[in-house]
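Two complexes, one shared chain (subunit A), two partners (subunit B, subunit C).
What follows is the complex of A and B.
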């Protein structure tokens, strides 16, 4: 489950992660038997997917503690539903203090003992080194993709298809995909937008392009918020904790609002974005609390903000698209 | 204009104003008010048409204590250091350092009980906060930006202390407060316990409490007095023990008080745990409950069904629900929510304050798994001899509500008790339908009939 988790640790234990962000095209019915209507789609649809046997031969479900909804999901799965897979949890601290680093290292050690039980494999020092090397390379490739965005001759849809392939490909496969993207003149581009939120499905990028705009940069949980810093600590738990605790500004990690505003403002200026589109799934409290203050502070810096909420599904509602279109027109 | 200048209703008082308006006139006026209320209660004749027995006499003392607290709040800024804290925050060191504590959740509940919450929350909504965020947060943010509050005035914080042991919402909410007030935000992050607490989780919380003390000392300009700290811890433990005793008195048949009474009488243990006045108040309340038990007086006149309430109350409906259910012979005798401030009393150890605080503040029911809550409910069904369970599916409180669907199923299947999921919100009347709610409650009572 999203958003932050120790990829290298899973790899060292011979486990490969496949991320569940919904999935968007799964119906809510089965998940609704366990969660109320005011629960976000990512959790309800993931529950539907799990309960309908979607995980196949997976060995475990890792639920990082990201928000109250994922907390509920991890707890209900473990306490009541007894899935075929082992349910693993990971508490992600909401600060960036010395105590948070120490805690996360211990928490990762606890997780590692359960990973040994799940995988039946105790990693050696060489396994850890190899895992960090591979995952750090993929992290660097992701960061590099964002740096090269202006020189890539691909649409936003294609760009984010590759960015999000990190959710299911191995580190090596991801690096290959990223390296294979063609450089050259990018397609005709319109007004630059910064997009923020948890997750955006590919259809949205097509629509935005058709409106005469493009994504100049993102602050998406499934995107830029996972451009981690590469680290070189000798202790694997310290190294994994460092990686997770040096991720970019993220409300689910407790980043102060002012710090988030400053980061967004600097990036929007650098990338030439003219406005911020906040695109949130319904009932996402970590995102919703920040919206009025982002609007206020970024507005004062000359960046208009549009907030739209969506329900994960096949099609984007006409009303949502109309609002985005009107926003783009005001920026043109 | 700075952010603070945009909040002109947060004014500072001086010692003279504090003394005259609070110490001298305010306290006296509240004492006189209490005497008048006591006199009225003493003269009140029994109402044969009411399904409820007369209210507890102690309530006038509780009203005085809570009014005094809020009254002091009006004049606290500039005179005492002020901390705004979450309801599950480790406040004992702050009390020992002389801080005046404001509980925004309790303030929001006060707005709810007085039926002011919606109009105040709308102030936040007009400023852009979504109706999908917690109604406590909307109420308090609305009060912050508009100055509207039934409490008269809240003091501006010198520090914010946010403990995540009740939800993650408070972190997002307090980040907003920190942005407005431009004051330090101290985070006490309490890892959610899916099972038993691990040593590294306890150590993490302890270290954060130590760090909080350093920040609080610096802001207060003085060091924590160990003797005073232990005194506060001793009061906190005694207050929590007494509160637990208060709640357990409802194991008697008929129960001398309802959970709705409990929601009101929990004010001191939430807002003033650690203070001697809280200990004295609950001693008084227990004496009155024992008197009722001895005389066989129940909270309601005809107790046919005994019920558990899960989750926060619906603050704007407390009075109506209490009456409506009593008229149908239903006494809601216990709630998982009120127990949260008493059940951890045995863990509080004044001789090892920091270690025990770390454990206590990790273990509130809201920071524990859905399976743990189910076990707690099962135990209460047994100990309180309950006929049914109402699970308030609270749109605003996701950590409390997620898991209720499976909990209800298991209560019905394993214990055979009727259990109702009641959709509402703790503070926003727009999320409760009277007609739908009463229909479902009627059906629930019918389900309990064979148990009468």
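What follows is the complex of A and C.
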């Protein structure tokens, strides 16, 4: 489950992650029996998918403590529903102090013990090194993709299809795919928008392009917020913790609002974005808390903000599209 | 030789409007009809009529806005209602401020800047609360026609509070009020208050910058105007033809 988790640690234990962000075309019914009506689609639809046997031969479900909704999902799965897969939790600290690094390292050690039970495999030093090398290469490839965005001759839809393929491809497959993207002038691009939120479905990018705008940059949990820094500490737990705790600003990691505003403002100026589109699944609590303050502070810096909530898998309603289109017109 | 510089089309969910302007932006001709199911055919017929009347041909810039704007094949360009209403009202009233547009199927609050461009806006999402449809639908329960609504709501001092802004729940409340023998005009007054409460809270979240301006069909309703002024303690001003402001703004954008 989203958002942040230690990929190299899974690989060292010979496990391959497949991420569940929804999935969008699953009904809520089955999952909604276990949650309050105001729980987001990411959690409810993932639960429907799991309950209907969608995970097939997977060995475990890793539920990081991204937010209260995901923590609730971890408890419901682990304590009441007893799925075929082992349910693993990961408590992520909400700060980035020395004590947070220590806490996360101990959490990762706890998780590693469970991973040995799940996989039946105890990684050697060489396994850890190989895993970090491969996953660091994929992290670098993702960072490089963002660096090269202006020189890639592909649409926003195609760009984000590749970015999001990290959710299911191996590190090597992802690197190959990223390297194969054609360089050249990107298609005619129109007004630049910064998009923030958790996840954006491909159809949205087509609609934005048809409105005469483009994505100048993103602050999406499924995108730029997972451009991690790589490091080379000898201790694998210290190294994995460093990666997770140096990720870009993210409200689900407790980034203070002032730091978020400053980062967003600097990136918007550098990327030529004229406004911020916050595109959130309905009922996403960590995102909602920041919305009024982002509006206020970025508005004061001259960047208009539009907040849109959506239901995953629905066709975007006419009203929602009109709001985005009007926003683009105000920026043109 | 035609004097028309541009034509604006507002293909709304309830009414369809066309406005033709001269090069100075003055209205030369306008038409308003209830929207038909095939709005693209209806607009074509209206366009042909206005062009024939004014001796214009299809080279005159034609800008479409409104719910059905993307269906209008003849449009040179299409733009959202936000941009068009802001431009139309700004030109008509010559003032920046906050525009509340209450249409048949949606309502919006637009903050208009000193150059007539929208600075910020808010639209109601997905439901009929705070729209003309809310009044129309619930008033039908009381057997009152739309043009009478405002006057009826103002002719009594009594008011039956309607707690729901949802059209369906409000209808249930009305049924139980009727069953309890409540006075229909007092119910109507409560309905207006409920709609105004919803719209004013939207305006507050955008930020009310005086003056408050009204457009859309519901702007003609005097009870709505009065209650908005009471709730916001602001002056409320109306353009000459509130229902035509979307089409007028579209036509003005056709010139520029």
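Throughout what follows, the second predicted complex is superposed on the first by the 331 of 332 C-alpha atoms of A that agree within 3 Å, B and C clash if a C-alpha of one lies under 4 Å from a C-alpha of the other, contacts with A are read in each partner's own complex, and residues count from 1 in each chain.
Just so it is clear, contacts are C-beta pairs under 8 Å (C-beta built on N, C-alpha and C of every residue); 3 or more make two chains touch, one makes a residue touch a chain.
Given the structure is predicted, the values throughout are model-derived calculations rather than measurements.
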Partner chain(s) touched by A:159 [first = subunit B, second = subunit C, both, neither]: neither
Partner chain(s) touched by A:174 [first = subunit B, second = subunit C, both, neither]: neither
First, second, both or neither for A:95, with subunit B first and subunit C second: first
Which of subunit B and subunit C A:205 touches, first, second, both or neither: neither
Subunit B versus subunit C as contact partner of A:132, first or second or both or neither: neither
Partner touching more residues of subunit A, whether subunit B or subunit C: B
First (subunit B), second (subunit C), both or neither touched by A:228: neither
Contact residues common to both interfaces of subunit A (with subunit B and with subunit C): none
Subunit A residues within the subunit B interface of the complex: 33-36, 38-39, 65, 67-69, 71-76, 78-81, 89, 91, 93-95, 97, 99-100, 102-103, 106-107, 110, 251, 254, 256-258, 282-283, 285-286, 288-293, 295-296, 309
List of subunit C residues in touch with subunit A within their complex: 67, 79-83, 106, 117-121, 123-126
Subunit A - residues contacting subunit C, complex: 299, 304, 317-320, 322-323, 325-326, 329-330
Residue ranges of subunit B in contact with subunit A within the complex: 127-130, 132-134, 137, 164, 167-169, 171-173, 175-176, 178-179, 185, 187, 189, 191-192, 194, 198, 200-201, 203-204, 207-208, 211, 369-371, 374, 393, 395, 398-399, 401-406, 410, 423
